[in-house]
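Following this line, the structures themselves.
Common to both upcoming complexes is chain A, partnered first by chain B, then by chain C.
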Partner chain A sequence: MLARFSYDDRSAALLVLPVMAVLLVVAAFPILYSFWVSLHDIVLTRPLRRPFVGLENYWRMLGDARFHTAVLRTTVYTVVTVGVTTVLAVGVALLLNENFRGNKLLNTLLLLPWATPSIVNGLMWKWIYDPTYGLLNAVLLKLGLIEHYRAWLGDPDLTLLLISNAAIWKQMPLAALLLIVTMKAIPDDLYRAAKVDGATVVQRFVHVTLPALRPGLMLVLVYETMISIRHFDLFLIMTQGGPGDASYTLSWLIYVETFRSLRFGTGAALSYLLAMLTFLLSWLFIRAFGERNG
Partner chain B sequence: MAAITCQGLTKRYGGVTAVQALDLAIAEGEFMVLLGPSGCGKTTTLNMIAGLEEISDGTLLFDTRDVTRLPPHKREVAMVFQSYALYPNKTVAQNIGFPLKLRGVAPAEIARAVAEVAEQLELTALLERRPNQLSGGQRQRVALGRAIVRHPSVFLMDEPLSNLDATLRLSMRSLIKRLHHKLRATFVYVTHDQAEALTLADRIAVMQGGVIQQLDTPEGIYERPANTFVASFLGSPQINLLRQGLPRPGWVPAGREVVIGLRPEDVARPGDGLVTLSGRVELVSPLGSETQLELSVGEATLTLRVPKDWRVAEGETLDVGVDPARLHVFDAATTMRIAP
Partner chain C sequence: MQRKLMLGFFSVLFVLYVAGPVLWLLSSSLQQESEITAVPPNWLPPNPGLHNFTAIFTAGDSAEYANRGLSGFLPSGAANLLPSLYNSLQVGLWVAVLNLVFALTAAYAIAVIDFRGRRATLYTVLATRVIPDIALVVPLFLVIRNLGLINSIGALVVTYLAVTLPFTVFILISYFEGIPRDLYRASRIDGCGHWGALRHVYLPLSLPALVAALMFAFLTSWNEFLFALVLTQSAAAQTLPIIIAGFVMDFTTSFSFVNAAGVIAILPPVLLAVLFQRYIVAGLTAGAVKG
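Right after this comes the complex of A and B.
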């Protein structure tokens, strides 16, 4: 049997075996085990009774009003975060792709928010929004835009947008960096040809830059969507799903279901639903922006 | 069609002068080649004519119109790049029609113009392909198509054949020459390839150090090089330039330090009116139609091209005849040509 494979093939298999074994333990097993959990009614308050319920956990969650709210909140949060992050990243990349004095310093500074740990970022923005000593209140009051300090995160209409703002602050630099790398690869001759052909600045952006940015944009959209749709730490630090259900996202619902209600079965089912949603969106972006000519 | 006049055209990058007060008058419908080694300023000059580089000093006229400060699209020039510069996301038809689309030409008119150009360049079967599905030669034909579709008054070409293999380069060279004959537009063509320059040009401007070293017809440049740089830049193998070892024509004033130049092909069997050089054959390289050899004459080594029927062998002594009238004489100090 082994003789069917060459010496090189067998050596390669032997060398990757340890990594495969580790991956099996840390990746494949949890994935399969959580799927098994999602098919059982597991509640930690009665750990010994674990009846097999098939897809019932999935159906129950799909019909749950909290799930509908969470999908809506997650959609709004993801669309705003990914949309604004991408547009800002394109703008910043266009700026930093130009040659000007201080360009390198700006490139370095750009990475600072990205290098900040998520927890620190969440705490920093929570302080900025704070109703008693927050910087935002101080600045707006000084500018005369508000008459008294406000509890920004307590406003259900603003909560998601404010959390989204904190996420954009942290995520935009990496997106801009990915786009700058893509932009650097655009041959200068394309711009020169477009200039000679008579293209204006906007037409050069539309006909040269944007098409060339497709791979970078795809990467940014897929990555930012995967990050945003599963965001949890900012919600935990800043609002804990509130006020009311104003920031009740899918990740928060999974956390509440699993670690507060201790219903591991439905928590695992929700996790699988979130994973499927992530895969679906990524697939759509790859189809829309992926290379068409192979 | 337009005549191009460069008056004192200068390009500076900080403290570096890439092109120095260049004066050049290109006639309407002329095929002008800017020839020179890398970094000589030929592409910078072309870019200034195109409007892709700001002109630091001097004036640029198209006929009598001052275009010195005009942006590229207002100069009505078309440019072909070494890298082809085709828009990768557009089909061949869209690439060719793009300049017309930007000018607001009606789609039906664009389709007609694209079809006509495609027919001319044998691209009709490829119109729906994208650049990455084309060979190098096909891509360069698309780039030419994009240039000719809007009937510009001036064609600018920046080493358009450099990325092609030798065979394709020859056929594309013929295509460009035929296009020039047909369109009778003004062509400015940048290359470092002397064969391209000699075969395509009505006139050649040989450049070095941001300055035109000589402006003349291909024959004039080859037969009467203005200085040792031009003499050695054109011709393959290079001209033999020696202070000693070659006969000194009688008209050269005695005592003047000169460099004598002998083109490798300017030798014959010894005979009447020829000065005989005798030397040892060091190396023989058959080239098919002729033979290249290295001949040691005293301290000097000459590279020569002789007919293949000379049947020369390495190590033997060979006598060759040199016509003094075919020798090139340059001042040793200034490197400039001296004529009788």
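Right after this comes the complex of A and C.
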């Protein structure tokens, strides 16, 4: 029986077996099981009755007002986080791509936010935003930008942006690193030719750097969107969805539905909706940015 | 001259942005409770000291704890910090080591051997990372419970292994593909099987990728929060982020103490990142250019 397979096939099967076994038990099975759960009305406070309900969990969530709020909050958070991260990262990449003394030190510093655990990131910014002892109030007061201390995270109009700011701080370095690699691959000749043609710094950036950055930018956009749209840690540690529903995002809704209301069925359905949304967005980005590359 | 000024200006901005928040955390962690609650705040510690760190490392010592009384602002869970630090280290090291053992062979097979189902295998490995973590938490909880691993270090090791393996495999594949094919052919002609080629050619040549993979696996485990929150329930298995998050969400906890805990949690990953910067950057950007 084994003789039907070549030496290569048999070796490969043995060599990939351990990884496949782990992924099957701890990733693939839970993914499929989660789908099964999403098709059943499973509430942990009523463990014995778990009828099959088909897609009803999905329909119910799609019509739920909390879901609409969550989609809106997630969209705002994701757009702001991804947008600002990308713009900042382009700036940082331009700076670090230059040759100057101290460049090495700055490159090392860039890894600091990246290495910071997200929980510590949340703690750090919560402390900076602190209404009575925080750094933000002190700095803004000193600069004369505010007249008295404010409870920053308690302001529903600002909460989401402030959480976003913490996320941007942590996510910018990876985006910048990816862009720096792409920039280093741009041939110097292009810049020299543009200079000969009398292009200004800005023109060189718009007509040489930006087009060449396209693949890097696409990678950054897809990656940062995937991270932001499902982000959870900061929402738990900084605001728990509040104040009111000001930071009530999809991941937070899933958490509340599953672990506070113990409605596993609808929780799983929400998770799948989030996963589908992620797929859809990545596909759109890849289409929008990939095509003109040819 | 103008260029120099511009670079200097933006460099200062960059340093303030990236290092500022962490320096503020560090400064706060070196102050007493009465000092960090000053208005306006003390930018630098007036009497820098390690008392918050001492408090963390002696919180398990019950006599000391009782003596501190009300003045200490120590939360009741403070005694869990040191064990959680140990748990975090243990989980991180196990995940890092097992990652290499598992990923090496798989990456070799996918990168080097032309076998039936090679593409399917690669896509299966990568696809497991597309579903959001939060979607996996409930079924994973049930799987882990059926394996009898709930509230154990093993639960976290297995879970993080599944989380980190796809990336490790990916990094190693892109590195292996850069190793000249002739070396592989030569080793096969010399009588090596696949195991021999892996051991004598690919393993010794891929040290940078291995270091990068080790780092990522350790850092991911060290920083992970959501799975640990659901899969562990007591100090026996809880990791550092869980204990710290508990403090932050508890309004009675003093920030001086929590800030010190935060500094402790930041130190290992930052040190690793600085020491292995070259490998990490190379690993993070592997495949970025190829697309």
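Keep in mind that, in the parts below, the second predicted complex is superposed on the first by the 285 of 294 C-alpha atoms of A that agree within 3 Å, B and C clash if a C-alpha of one lies under 4 Å from a C-alpha of the other, contacts with A are read in each partner's own complex, and residues count from 1 in each chain.
In the analysis below, a contact is a pair of C-beta atoms (placed from the backbone, for glycine too) under 8 Å apart; a residue touches a chain by one contact, two chains touch by 3 or more.
Just so it is clear, the model here is predicted, and its values are computed rather than measured.
Chemist: Which term applies to chain B and chain C once both are placed on chain A by superposition, clash or fit?
Modeler: fit
Chemist: Based on the superposed arrangement, let me know which partner A:50 touches: chain B (first), chain C (second), both, or neither?
Modeler: The answer is neither, since A:50 touches no partner chain.
Chemist: Please work out whether A:128 is in contact with chain B alone, chain C alone, both, or neither, and reply first, second, both or neither.
Modeler: A:128: touches chain C, not chain B.
Chemist: In the superposed arrangement, does A:212 touch chain B (first), chain C (second), both or neither?
Modeler: first
Chemist: For A:66, select first, second, both or neither according to whether it touches chain B, chain C, the two together, or no partner.
Modeler: neither
Chemist: Would you mind checking which one, chain B or chain C, touches more residues on chain A?
Modeler: C
Chemist: Does the superposition put A:150 against chain B (first), chain C (second), both, or neither?
Modeler: neither
Chemist: Taking CA centres after the superposition, what's the angle at chain A between the directions to chain B and chain C, given in steps of 10 degrees?
Modeler: Rounded to the nearest ten degrees, it is 90.
Chemist: Upon superposition of the two complexes, what minimum C-alpha distance (Å) separates chain B from chain C?
Modeler: Least C-alpha distance: 14 Å.
Chemist: Taking the contacts chain A makes with chain B in one complex and with chain C in the other, which residues are shared?
Modeler: After superposing on chain A, no chain A residue contacts both chain B and chain C.
Chemist: Can you tell me which positions in chain A touch chain C when the two form their complex?
Modeler: Listed in rising order, the residues are 5-9, 11-16, 18-20, 22-23, 25-31, 33-34, 37, 91-92, 95, 98, 100, 102, 106-120, 122-128, 130, 132-135, 138, 141-142, 169, 173-174, 177-178, 180-182, 185, 215-216, 219, 230, 232-233, 236-237, 240, 251, 254-255, 258-259, 264, 267-268, 271-272, 274-275, 278-279.
Chemist: Going by the contact rule set out above, which residues of chain C touch chain A in the complex?
Modeler: Result: residues 4, 7, 10-11, 14-15, 17-19, 21-22, 24-25, 28, 36-41, 101-103, 105-106, 108-110, 113-116, 118, 121, 124-125, 128, 130-140, 142-143, 158-159, 161-162, 165-166, 169, 193-195, 198, 219, 222-223, 225-226, 230, 240-241, 244-245, 248-249, 255, 258-259, 262, 265-266, 269-270, 272-274, 277, 280-281, 284-285, 288-289, 291 of chain C touch chain A.
Chemist: Quick one: in the complex, what on chain B touches chain A?
Modeler: 50-52, 71-73, 77-79, 81-83, 85, 87-90, 98-99, 102-103, 130, 132-133, 146
Chemist: Which residues of chain A touch chain B once you look at their complex with the stated criterion?
Modeler: Going through chain A, the ones touching chain B are 187, 189-190, 192-199, 203, 207-208, 211-212, 214, 293.
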